[in-house]
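The first chain written gets the first letter, and so on, giving A, B and C; residue counts start at 1 in each chain.
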Amino acid sequence: MVFQTQLRFSTTGRGTYNISQQIAEAITQSGIKTGIAHIFLQHTSASLVLCENADPSVRSDLEAFMARLVPDGDPIFKHQDEGPDDMPAHIRTILSGDSLSIPVRKGKSDLGLWQGIFLWEHRVHPYKRTISLTILGE
Amino acid sequence: MVFQTQLRFSTTGRGTYNISQQIAEAITQSGIKTGIAHIFLQHTSASLVLCENADPSVRSDLEAFMARLVPDGDPIFKHQDEGPDDMPAHIRTILSGDSLSIPVRKGKSDLGLWQGIFLWEHRVHPYKRTISLTILGE
Amino acid sequence: MVFQTQLRFSTTGRGTYNISQQIAEAITQSGIKTGIAHIFLQHTSASLVLCENADPSVRSDLEAFMARLVPDGDPIFKHQDEGPDDMPAHIRTILSGDSLSIPVRKGKSDLGLWQGIFLWEHRVHPYKRTISLTILGE
């Protein structure tokens, strides 16, 4: 059994967005009880991560770390077509990943207690982002 | 055909633990001959990686590199509720990933010769870790 | 429905190789219309990434960034059996990932407009690389 849909999100610029609820609703809609939900972001400048979902300072610390690791406007980058956050957004995406697979168990996502699913926008300005969601199972 | 189970591990603190054997046994138990095994760690401070499984110095070098990249007690981090290794553990997990998908072929994991499956504990103290394992195929 | 095959590539040394076309052909060959394609590299010193596929300077900037982040011959590394690029290749692989899952929709890979699938060779010298490809769906 296969269920497939698209989800659309509007970001307000760089930062993390909790999308666990939208994924949970799509899993319920699929009717699949046991299997895998594959969440795929169709972009190269935003990513999908599982992150601690209780203390917001975890995500601001994560952002601070990444800003230091891959600095905007770093002179090492030649590709700056869309501004100083363009190439860093591509690298942040490759380091953190643009796809997640989540187990589906008893009709729900089988996440750990502290795990939330986050869309991580790496561009400074707002963007529209699309997820291709596929659920396989029984 | 879907097979799903949980695996539990007790770590003795920060470091890599070869879990290839436990995954191999679960694949055999599933009876699935061709498909995908999805190994999902239900935590945000430990990860799952494929790593060279012959020379242990590969994994100690990996640990040394990560300790330098994401230093414990870095003053950039505000989230230190559970100690100086708390926030670094979350970042290490996001950089290295908490889920792996492995091909199943002829009833076995179709790994390369040098690939081993490792649970990577990022917290300094011992923890109990749970994997949600789903195998899809025929 | 499950389709499984192996793909082989010869690299000419460190750099990114666009393999989107070979993956597209395998998806067509599978006859699967809706599902997931799981692309798994059987190595610990090369990786698979989705990257912006229009401007080649994105990939040269990515290479420059990674060369700075994980320098060849870094004295922190004890494992140098196969030369100064040996251990950096293992770390680059763990940071960027050796497996990708791609949605299959209407018989094609459901990538975003700017996403290409790249094999990223991390060793300086040429290597032969093998992908285990599994497609699940209907």
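We adopt the following convention: contacts are C-beta pairs under 8 Å (C-beta built on N, C-alpha and C of every residue); 3 or more make two chains touch, one makes a residue touch a chain.
What you are looking at is a predicted structure, and each value in this text was computed from that prediction instead of being measured.
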{"item": "C-alpha-based rotation, subunit B on subunit C, 0 to 180 degrees, nearest 5", "value": "120"}
{"item": "Fraction-based call for subunit C against subunit A, same above half, different below", "value": "different"}
{"item": "Centre-to-centre distance between subunit C and subunit A (centres being mean Cα positions), rounded to whole Å", "value": "20"}
{"item": "Touching two or more other chains - residues of subunit C", "value": "36, 69, 95, 97, 101, 136"}
{"item": "Complex contacts: residues of subunit B adjacent to subunit C", "value": "34-36, 49-52, 55, 57-58, 60-62, 64-65, 68-69, 95-97, 100-105, 110-115, 136-138"}
{"item": "Footprint of subunit B on subunit C - complex, ascending", "value": "2, 4, 36, 38, 40-45, 69-70, 74, 76-79, 81, 87, 90-91, 93-95, 97-99, 101, 130, 132-134, 136"}
